[in-house]
Structure formats: C-alpha cells, structure tokens
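Below are two complexes that have chain A in common, paired first with chain B and then with chain C.
After this line comes the complex of A and B, so read on.
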C-alpha cells in the first residue's frame, strides 16, 4: 500500500487553500488525479516526489517511510525511487537520445536497462538523434524512457500527453500501459482527458480545492450510475428547431455534431449552450469499422 | 421521454445482461433488458422504486384485441389527443399510469383510423426501456 496523508497551505485560484489529503492506494495500480486547475494535483505529485515539502504529513510506500514530519523524516528526491514526466519534456539538447538515457542511469544499476527501454519504446531508429530533431511525440517517448531508466517503483506523470495530437497520444498511451505493467509500477497520472483516463486508469481520485471529493473506478466516476443507458456522452446544445410534431436538437459531443429528436417537454428547459447528456440504450447504436 | 414509475418485482440475470420486470400499476408490468447486473448497478434489486423511461419514437400503437406480435410491454389506454404533421404524428394516450406519448407516421394514424377517445394500446420493445433510479 501507499499511504499519503499530507497537509499544505497553498495559494489557490480563489485565494488561500488547504491541500489536505488522506489517500490509501494499493501498489501496482494506475491512479489518475482528476479535477480543475488549481485543485492541488501537481502539488500532490511534487510532494510525493520530494521536490516540494508538505507542512505536516506522512507518506508510506510499502514498508518504507518517505515522509513523516512528526519524526522529521523526509527522504531526498533521489532516494525515493521515482520517475517523473511532465508535459514539457526537459531532455538535454546537446545529447543524443541514447546519451540522454545513459545519463539518467544510476551508476550501480543494471546497464542493460537502456537497451531494453530503447527496444520497448521503439527508439532504435532515433537513438542517435538530438532532441531538437524529434517530433513532440518522439521527445515524450524519450522522456518516458528516461524516467524509467532509473527503474523507479513509482511513476509520476503530469499531463504528459496533453500537448500531443490524438493519434500520437493513443500510441503513447499504449507504451505507458505496457511499461506500467511490465515493470510493475505504481503510476500516478494527472489527466483531463476522460478517454485517456478510461483507457489507462484503475482508479480515479477527484480533487477539488485541495480535498478528495470522490474516488472510484473510471466508470463509477464518469458514468452516471443511476441511469441504465450505456451509450452516453456529455455535450453542448448548439441549436433547437421544431420540425412537425418533434424538435431536432443539435448537440456538440467532443468535436462531432449530432442530432437528437426530442419532445416539447424535453426542450422546454433547454437553451443554446446548455451542457447535456446524450444517452441511448446499448442496443440501439450500430457499429462498423471505418478504416 | 415517456416515464412510468414503478417497483422492481423480478430480475433475471444472464452474463452481463439483466431482464428486469417493473410493476408500474397493480398487475401491469414493464420489462426492460439492460447491460447491467445487480453486482454492477446497485439499483437492481427487488423492491427498488424505479423509473422506466422510453422514447416517444419507440412506442408502437396497436388497436383491437389481440396482436400476434412479439412485443410484451403493452399498456392500454384511451387516445387523449393527436397532432398530425405531414409525415409524423403525435398520439397521446391516457392510461392508468399517466400519459404515454407515441410518435408514429401520419399515414399510420389514418390507416388505423385513430380517433380521440377511442381505445388503443401502447407497445414498447423491452430493449428500448431505460431504467432510472428514483
């Protein structure tokens, strides 16, 4: 188990705010921290990594104590066996991909790990190139590999894929899952992308103003459990038009525009710009492959 | 959305599917099939108060006594009002459980010779019924 109990006074978007967490998560899971900007997600990862200090608190990872302010214990970041990947990859520009990985490798650790990661992350063809000649997706792949060279127990990912386009993001999600499983990591991810959260996470912790407001599996958190519709999306009303005895409501769902037939009683309280849920039974949609 | 309140009186489970019987009025039942089980959805339990929801466009209208068709969800009532467009028509049925609205083709309204105050039956396929916890 990882046991996190931390308190820290922060300057939130609405003024001073207390980050006050009490979280217990099993090892080996992929946990997503979800919530609005300024809720304390990044601060939580920084306190876990040791880059930032909590005012009071305790962090236990399996049997080892990383932080215990009452005992004045606070392990240094390099002693915490953590890999950290941010949105903006900070690779050394003057080193090749392979040199970047080699540089991160602890002196006393297995030297085969660099080669293994180059294979797993499919970096063979770019291993001799400098970071500035790589695409965003390639650089982030290198950043992920570099975080894993140290063979961490815990991987911290702060919106690592949010700057990438969908296709590259999906590919990198596959790499993430693959290394998370292969190395038996416990991974903490910050993400706002619900699709990504569904694909990757075992557990979602929702943070608001420094506190945990909800936690559960991705389905429990993001699907309204009290309605049996399985084909369900959040959207925004773009247009409502009466057509004979029915209304046609145009709704933006992600970046697709869909149309829904509705009754007068249903559109009565609907306005342009309203957030809505579009739902149907799992029996109705038709599925077919497009490529 | 048509909405009839009731109580769950039976749940048959097979794999990920459940066939849920809801009593919406004494001796009147609505059956719904859902991709949930009592393990995955806490509202699936006998005695639970529940709303059955079904879209107006999924309600078939029948007239006469016996239909040799597969639809088991049948609710009889009286036609309260009709609103006919060029292609589609809205039929509102007054039943013991409240109003049920159906959208069918205007030509079907003519073909069935539907009239206000005449009896009719609303028929709903069980896979079109959603359940919402009350």
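After this line comes the complex of A and C, so read on.
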C-alpha cells in the first residue's frame, strides 16, 4: 500500500488554496490524477518524489516511511527510487540518447537494462543522437526509457503524452502499459485525456482545488454518472434564426457546429452565448470508425 | 619599449581568470538557486565593482592591505604576505574588481537551465555535486566561456585599481595599461602606440573568437 496524507498551502489560480490529500492506493496499480489545471496534481507528484516539501503530512510506501513531518523524517529525492517523466521530458541536452539512459542507471544494478530498454522502446536508430534533434514522440520514448532504467518502485508521469498527436499517443500508451506490467510498477499518471485514462488506468483520483472530490475505476468516474443511453452534450448558442414556423438554433458543441430545430417556446429564454445541453432520446445513433 | 608590461598583463589576467572561475562557480550556483534572505546583499556587493570608480576600490585596498593597519599587519607578520605594491596584491584586487564579469554570466546560465533537469538528476540518485559537474556545467558552456573571456579582457583593461594598489614597479606591477600612461606622460608616443596596438589586436582577437564560438559560426570546422 501507498499511504499519502499531505497538507500544503499553495497559490492556486484563484488565490491561496490548501492542498489536502488523504489517499490509499495498492502497489502495482496505474493511478491517474485527473482534474482542472491548478488543482494540485503536479504538486502532488512533486511532494511524492521529494522535490517539494509538504508542510505537514506522512507518506508511507509499503513498509518504509518517506515523509513524516511529526517525526521530522523526509527521505531525500535521491533515495526514493522514483522514475519521473517530466512534462518537458527533461532530457540532458549535453548527452546522447544512450548516455542519458546510462546516466540514470544506478551503479549497483544490472547494466543490461539500458540495452533492454533501448530495444523495447525501439531507440536503436536514434541512440547516438542528441535530444534536441529528436521529434516530440521520440523524446517522450527516451524520457520514459530513462525513467525505467533506474528500475524504480514508483513511476510518475506528468502529462507526458499531451503534446503528441493521436497516432503516436496510442503507440506510446501501448509502450507504457507494456512496461508498467513488465516491471511491476506502481504508476501515477496525470492526464486530461479521458480516452487515455480509460485505456491505461486502474484507478482514477479526481482533484479539484487541492482536494479529492471523487475516486474510482475509470468507468465509475466517467461513465456511470450519466449512463442513460441517450446523447447529451454541453454546448454554447451561437445563433438563433426564425425559419417559417420553427426556429433554427446554431450550437457549438466542442469544436463542432450543429443546427437544431426548436419551437418558439424553447427559444424564448435562449440568448446568444448561453450554455446549453443538447440531448436526444429515442433513436439509435450510428457508430463509424474514423481512420 | 619592452614586452615585460604586456607579459605581466596577460599573466595577471590568466591567474585572475583561473582564480575567479574557481570562486565564481560556487558563488553563482548559490546566487542562482538559494532563497536565503541575505542574497540581495551578496548580489549587490558582487555588482558593486560595475558602478564604483576603480579608484575607490583601490583606495580601500591600499588602506586595508597596508602593513600599518591591523589586517595588513597580520597578513604581513603571520603569513608573510605583502599585498601592497606586489603581484599577489594585484591578483586579489583584480579578483574583486572583475568578479561581476564572471559571476553574472554564470549565474544567468544556471538560472536558464530548466529546473526539471536538476530535479531529474536528483531523482536518478545523483548528488548536488554530481549534478553540477555532469548536468549543469556542461549545459552552460557558452555562459562559462563568456564569463572567462569577459573577466580576462576586463583584467587586461584595468587601470585604476592596479595603479592604486600596485603602483608602477617595472616587472612586478607595471602592467600594459600603466605603461601606456607612463609613456604618454614621457611623450614617448611610439612606445605607447606599441603597447596600445598590441592590446587592441589581442583583445579584439579574443572577443571575436568568443562571438564566433557562441554564435556557432565555427561549428562546421570541427563537425
């Protein structure tokens, strides 16, 4: 079990806020932290890794105490055996891909792991190149491989895939799942992508303004709450137009513009810019694969 | 006309630059990353030589290092070091005088390195010292080079401090800048021109090299 109880005063996007967490997660799972930006997700990972200090709190990982402010225990980041993939990847620009991996390798551990990871992550062709000559997806693979060279107990991923396009993202999600299982890691992932969270995580923790507001399996968090078999989307009214006896309301749903036919009674209270819900019931939607 | 003042100038600049580099790396590191309350004061002190007339610095050095004062007397008796009118005195004075020219580029180099690089290195179990030598310094090479060259060139060009603390002893403290002044006063314009032109050409060459290297213009020759 990993037991995290931390409090820290933060400067949130809307003034000061208190990060106050109390989490218990079993080892070996992939846990996603989900929530709006400024909710304290990155801070949580930083405190877990020892790069930031909590004001009060306690972190227990299996049987070892990493942090206990009442006992004045705080394990240095160097001793926590954490692999961290930063949002900006943090690859060392002065070292080649292979040297980056070598640098991360602990002295007392198996030296075959560098070669093994270069193969798993398909880095053979780029192993002698410097990070700044690589594409985003390649850098991401190197960063992930480098975090795993340490053979960490815990892997922390701070939105590592957010900057990549869908195709590469799907491929990297496969890598991630593969290594997560192969090395028996406990992984914390920060992600905003619900599809990604569904594919990867065992457990989702939803953070808002420094507190846990919900937690559960991905389907409990994202599906069950409005599972009713009908279509329901939030949107914004762009335009209302009278056409003969009906009204045509143009609504922006995500990035799509849709036109909806409405009765006079329905548009009576609607104005341009209003937030609305577009819902439909009693018909079967058709599903297509887009490739 | 002799090469002696020129050789002395470059010897002083070389010794000063090497000593400065050793002092400035830890100092800049501290200035870049520390959150201590006295940091603004240290920062101000480091930058003071930029705005103070060199004669002010030289004057206080002269007072402090004089064997008649407590500090100067102690240096003289306990350690046998005489800093007034001597080469070691010039080095100490130049160290402080050129300090900002070394510290500022290195400090901004450190600040420019993304925090996540340091953090990543710590999480790989590397100590702060290992991180400094393996990650930070190799990634701020242009700043190091700028610092080295600026403080070298600045030491070559100093006049006031050297004159105050070192005087004008041939072979010991008479550097090129003072020799030029000396020759002009004696109306030996040919000698003054010789020293001046040599300094001009050498410093031009040094600065040009830095801009070529930092601008990446020389890369094609060694790649």
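Assume the second predicted complex is superposed on the first by the 224 of 291 C-alpha atoms of A that agree within 3 Å, B and C clash if a C-alpha of one lies under 4 Å from a C-alpha of the other, contacts with A are read in each partner's own complex, and residues count from 1 in each chain.
Methods note: a residue touches a chain if its C-beta (ideal position, glycine included) is under 8 Å from a C-beta of that chain, and two chains touch if they have at least 3 such contacts.
Predicted, not measured: the structure shown is a model, and the values here were computed from it.
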{"item": "Touched partner set for A:150, first chain B, second chain C, both or neither", "value": "second"}
{"item": "Touching partner for A:88 - first (chain B), second (chain C), both, neither", "value": "second"}
{"item": "Touching partner for A:261 - first (chain B), second (chain C), both, neither", "value": "first"}
{"item": "Which superposed partner A:80 touches (first chain B, second chain C, both, neither)", "value": "second"}
{"item": "Which of chain B and chain C A:275 touches, first, second, both or neither", "value": "neither"}
{"item": "Partner chain(s) touched by A:290 [first = chain B, second = chain C, both, neither]", "value": "neither"}
{"item": "Complex contacts: residues of chain A adjacent to chain C", "value": "49, 51, 76-80, 82-84, 86-88, 90, 92-94, 103-104, 106, 150"}
{"item": "Touch list for chain A against partner chain B, complex", "value": "225-230, 244-246, 261, 263, 266, 279, 281-284"}
{"item": "Residues of chain B touching chain A in the complex", "value": "1, 32-36, 41-43, 53, 55-57, 83-90, 101, 103, 127-133"}
{"item": "Complex contacts: residues of chain C adjacent to chain A", "value": "114, 116-117, 119-127, 134-135, 138-139"}
